Every structure is written in structure tokens, then in C-alpha cells.
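Both complexes shown next keep chain A, but they swap its partner, so chain B is in the first and chain C is in the second.
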Partner chain A sequence: MSRLALTHADAPMTAARVGIGGPVGSGKTALVEQLIPALQARGIDIAVITNDLVTAEDAERVRRSGLIDPERVSAVEAGACPHTVIREDPTLNIEAADELERRFPGVELILLESGGDNLASTFSRDLTDFWMFVIDVAGGDDIPRKRGPGVIRADLLVINKVDLAPHVGVDLARMQREATEVRGGRPVLLTNCRRGEGVDAIVDLLEREVLFRT
Partner chain B sequence: MFDRGEALALLQLGDSAFPAGGFAFSWGIEGLAADGLLSDRDDLDRVIADHLAQRWASMDRILLRRAWRAADSDAIAAVDRLAEATTPSAEMREGSRRAGRALLGVWVKLAGRLSVSYRARVSADPRLGHLAVVQAITGRDAGLSLDAAELVSGWTLITGLASAAVRLGLIGHIDSQQSLARARALLADLLADAPDDDAMPSSFTPFIDIAVSRGPLRAVRMFTT
Partner chain C sequence: MLRLHGIMGRADDKVYARQLHALEHRGGIELLFVPPADAGRKRFRLTTDRGTDCAVSLDRDEELIDGALLHLDAERAIIARFGEQQVLRLKARDDASALKLGWHAGNLHWRVRFEGDCLVVLLDAPIETYRARILPLLDAGEVVERVHV
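Presenting the complex of A and B:
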């Protein structure tokens, strides 16, 4: 949260940077598509950066969604290294975020969507003020028990596609309980991003923990 | 005389782990492979040699040396504009600026005096921030000699090309080391001759330029260039 501490008179106000990571197909882009209107509805000025792995498909999907000015969506290529571009060397993402802030001076929050990755994926604190990790029930209810760094270290764990739980033999209550246990009680939220269920709880948390609006 | 301090600085600044975004630039390797023009180590060695001899030595190195000698930020910006004007491919220009601005951003955070000063200028002018120019600025901030700054510039190009080839599955890790060794020898040969101070930047790498320029048209693309 160090970036947000820059509130004294001479310090530049910068946008909060929120990372969204998680395995391929867990619903990161769907979550971004739900967060955009939900954040805008609360009057929050936003921009988006995507890190597609082999195409610009996610960036194009968000640009064409009609939810946000396409100029506010930047794509950063990951050079086949989705880990590196958000952790060991987040320079290109930092430059993209700085550029969005220069072009849109009032922007308050920038969503950074990682390319699909594995459970070891984490965001650099130099890049993000807050980051969430998105898994889904169809990936298996044993994911929290595997204690990957993404699951353990994220500021927020999102379990998506909860509507599929009965169809894939997942005990959702147990999965949520185990996720909360391995995370030492830190937040775990449930979503169905296709229908927007659970998204307001994420926005509540972002408003409270990231933007300090209570 | 072996200068341990400078050697250690070279190991740090020339390391592919130095966080300046270099891993995301293939400088034509991805495009050449997609077009069937690069498929093994021999091909890669030829592309690296082309990059070094026909572009880096006659273009990037010249720009770096001019920026190194520049007395103030006006003079540095003039070299930067020369880099812009002498790079016909829009994608090569864009790639060079993105790579340069990423490197400059790191050195701003490392509180490099020249970098901080020049960043303000780059932020106000979208034509500025080319990689070779920034390599001179950051080399000066790092306290390198010109020889060392040139070496870092050439070496990071080579490692970036070989690394991209590995990640694209074109060569293996042992082949990569053999390519690096071969390229290292060529770089040393090129560095042995200092260009004239008034040399103008020039390059002739048409296949590489076309491969980079076609990047935005490709449906599958992992690298910035």
C-alpha cells in the first residue's frame, strides 16, 4: 500500500494498481469484465492492462466489450514469460501503467490482468498495491490444499464458477473452508462471473482496502 | 589490467535478469521463425551475426557513442531524434522506444542523475527514449566506461536473441550456449575497431526489419518485437 501513502501536498497522486492473476481459464478476463462496470458505477476512474500470453485476445475482448474507452486498455506482451512480466521484471507493466496515468490524469485504479499461469504465480509489490488470485471450482477442489504461492500470498483469493460446483463433484463449503485455513484467515470470496454474482463483494473490498473509501 | 569492480558491474548490468523488460523483445526472431526463415542454431547464428554486424555495430553503437559524448540533454535529445529518423520501420522505432523507456524507468527508480533528468524530457516527447541512447545515459549513471557500456549494449542484444530462440523452442539450452559463445567472439571483433566520431548511423537488415514490421499482423505473437 506504499503508493497510496503518498498523500502529502508535494507528492504526486498515483492510481492504485490491482493485479489479477490465476491459472488459464479460471475467469480472470470475465472478472475484469464484471469489475469494470461495477467500479464505474461507484464513480471510480479506471484503466486496464492485460498480459496476454500468445495473442492480444484478452485486450481486444475488453476493448470491444463497450464497457470502457478502448484507449484505456493497454496490452503488454509477456515474451512467453507470464511470471517474469509481473514479478521478476515488471518494468514493461510499470511503464504501461505510468503511461496510462500520464494520458488519463484522473485515473484512480488500474487493473492488471496477468496471462494465464500456474499456482506459483505472484505479483511484485513494486508493480501492484493489491493483487488477487482467481481459481475456479472446475480446476478441482484440491487447489487450495496444494498451497501454491498464488493461493497463499494473494491479498484476496477468488473462487470462481461456483455454479459449477455440483456438476464437477466439488464440495464448495469445504473448498472455501480449506482455502481460508491455508490463507490464515485472509479474504476468500466466491463468484460466478458469468452472472456477476459475488462481484460487489470484491468491489466493496477494493473500496475499503485499496481506495480507503469506507 | 582486470578491473574487478567494473567486471562485477558488467555481470550485474549485462545479466538477462536485469529488470529492464528485455525478455519481451525478440527483435525479429519470433517473426523469422513464423515465416520459416529461422529453424535451427545455424539460422540463429546467422541472424545474430546480421544483427550485430549490420545493425548494432553500424547503428546502435554509433548512436550510443554520440549520446555518450553529448554535453547536455539537448544534445542527447538530438541523438534520440536521429535514432527516430534513421529507423524506417515503425515497429522497430516503437520497439526501440519501449525498450529504452523501460530501461530508463528502472534507472529513474535507481536514482540515476542523468536518467531522472532525461526522463522528464522523454515523458513530454513521444519520439524520444530510443534504446541505444538510453543505454548511453544509464551507462553514464552506472559509472561505466564507454567500452563497458558498449559491451553491455551488444551483449544484452545477443542474450535477448538467444533467449527468445530458446523460449520459442527453436534451439535447446546447450545450443544456446554455443550460439552465445560464437556471438561473443564476433562482438569482441567488432568492438576491437572504434568507429569515427563523425560516423552516421546506418543499418541493412531487411529480413529482420520486415519480420519485426509484420508483427502486428500475426495472430499469434508472444514478443513485443
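Presenting the complex of A and C:
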């Protein structure tokens, strides 16, 4: 059992900021919709920021979901390639996160969903403390082998829609093995976000890596 | 888990010199090696060279620096150390080549800094993966690698 030793850690902390990136249609918003109740079930105070190109489509979807107080969901419109506001100049997202922390002082974790992008998409360390990249089996089992920066550098790679693997001719075990190899053994988790499968493992990782609960 | 928040100061601050010197003699200095690519993090979980599991957080306006003192008590001090940042130092042959190199660096979203007439690329992946992206420029001699002196 780990021993918790507090030092100058008694100072109030700001919320952990966790990025979720990945290609269009890989299941980022579906993952957010699964993470919200899973995090809440563990007593974690959360808020959400979604990024879209020129609309607030994803934010409206999350607000209407009934999973979270709509006031806790902010929308950022990138107006350009999605990675420009999570990497090159994340100011809009930083301001949105700061504003959520001001309005909800007890918030412990803010999920920042990027707009759908390509395999080169990454988050700035100025914006997020931890970020995950979501791909899906229907996008092709060769995605890990293509070694995109999103796949390689993310703190966590999520392979979603695993239930579709047999229907799209994907050898899921091989895809997971190759993903782990190109990432040098760093975490790769499998999910089926339509049914919530695999989501608890992501929450376990967040509790350890950025919430420091375990 | 040792929970740490904030930076106390720099390990070379005079105010800590006596205490750190004494701890050093007792083997009480622990180093927390932070990969260069992760130096911008405000929260991270790493293990020191002596095996202490550290959960570190910083305020949003704090910057982790090499040599940051993260913990100090009568028994031990924990100091952040960055691994050496690997770089690719590039010099263009002429203005036209410099424009091409700059275009590639921007298009590839490389992290760069400028040193005089050199473009210094901060590497987040093996150097060969960077060379491969500008191979035609290197092969044509439009861009040459410079060794740091």
C-alpha cells in the first residue's frame, strides 16, 4: 500500500487538464460521454471543454446529454485546423479552462476534447497535464504502424470500437501489439464507448497519473 | 507516494546551500529525472533515482526548471533534473534555402529556436525521423547540419 506524504502539497491545486484528441469519427465525444459518469461515480468534480471548427456542435451534444450541468461545458471554436488551438496557440483553451476554474472553484478535472484531426495532432504541454489519442478499429488496423505523432506521443492511446473488429477484418490483438511496440510500451487501452467497456481502466489511469489518488 | 506541490527554489540558491551540503554527505539528495519533452508539464508522476514515487504538481504560472528544488526536509531533498535536450542544428546555404527550410519546419510543426544563422530543432523523436523529412535539402547541400561548438 502506498504511503501518502504531504509536504508543501497543502496548497490548493488547480484542476488537472486532460486532453482528448484523435481523427474525425474515432469516438472522442462518445468517450467524453462515458468518462463523465465514470468520473462522477468516483466523486470527481469535473468540467468539459469541447473544440469544434466553426460550431459548438459537440458542446451542445454534451450539454443536452443530461450527464452534466450544462454550465460546466464550454465550447471553443477553432476557426482553423483543430491542432492550432491545442498546440500552436492554445490560448483560447487555456482561457476557457481558467474561466471554468473561476466559476467552479472545486473542479478537480477538466476534459478538453479536440476537434477531429489527423494522426499528426498533439497537445501542448502548456495546455494539458495528460492527453490521450483516440483511434478506432474501423479506421484501419494499420494506423499504429503509420507512427503518427498523435499515436506515438500521447500519454495514452485508446483504441475504440473494438466490437467492430471482426466486422471490418481487423486482428485486434495484432493492432494492440503493434500499438504497444511503436509506443515503446507506454499505455494502450481498448474501449467500446457505445457500451462503456474499458472506460474504467482509463479512469484508473487518470486517478493515478494526474489526480494522484492512488 | 510522496505528494509535492510547487517549486521551493533552486538547488543552487545560497539559502539552501548548507542544508543540501549536509544532506549530500548523508546520501539524502534524490534526483528526479524529467524527460525534456515533459518539462512543460504541470502535473506528473515520476520516480526518483532512489526509488521514491513522486506525484508532482505546479501552479499554472510556474515553470519547472533544471535544478528545481521540489522537496526539502531533515532527511532528504528532491531535485528535478532534465535529461539533455537533443537538438538538430541546421544552417541553410542561402536565402532561398532558408525559406524552404523554414517552410518545412513550420509545416512539420517542429519545435525550434533560433541561434544566429542556425535553426535549432528540439527533438521529440529519433533524429533520423527529422532528417528524413528534409532529406532532399540535405542531399542537395541546401541545408547542412552544424555541430554545436
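Quick notes
Convention: the second predicted complex is superposed on the first by the 201 of 214 C-alpha atoms of A that agree within 3 Å, B and C clash if a C-alpha of one lies under 4 Å from a C-alpha of the other, contacts with A are read in each partner's own complex, and residues count from 1 in each chain.
As a convention for this text, a contact is a pair of C-beta atoms (placed from the backbone, for glycine too) under 8 Å apart; a residue touches a chain by one contact, two chains touch by 3 or more.
Please read these numbers as outputs of a predicted model, since none were measured by experiment.
Contact with chain B, but none with chain C, is seen for A:91 once the two complexes are overlaid on the shared chain. Using the contact criterion defined above for the overlaid structures, shared-chain residue A:53 touches chain B, although it does not reach chain C.
Of the two partners chain B and chain C, more residues of chain A are touched by C.
Once chain A of one complex is fitted onto chain A of the other, the partner contacts of A:208 are limited to chain C, with no touch recorded for chain B.
Shared-chain residue A:173: touches no atom of chain B or chain C.
Common to the chain B and chain C interfaces on chain A are residues 88, 98.
Taken together, the chain A residues at the contact with chain C in this complex read 2-11, 13-14, 16-17, 83, 87-88, 98, 120, 122, 124-126, 129-130, 149, 152-153, 208-210, 212.
Taken in their complex, chain B has these residues touching chain A: 17, 19-26, 98, 101-103, 105-106, 123, 164, 167-168, 219-224. Interface residues of chain A facing chain B in the complex, by the touch rule stated above, are 53-56, 76-81, 84-85, 88-92, 94-95, 98, 102. Residue ranges of chain C in contact with chain A, taken from their complex: 1-6, 8, 37-45, 53, 55, 57, 59-60, 71, 73, 109, 124-125.
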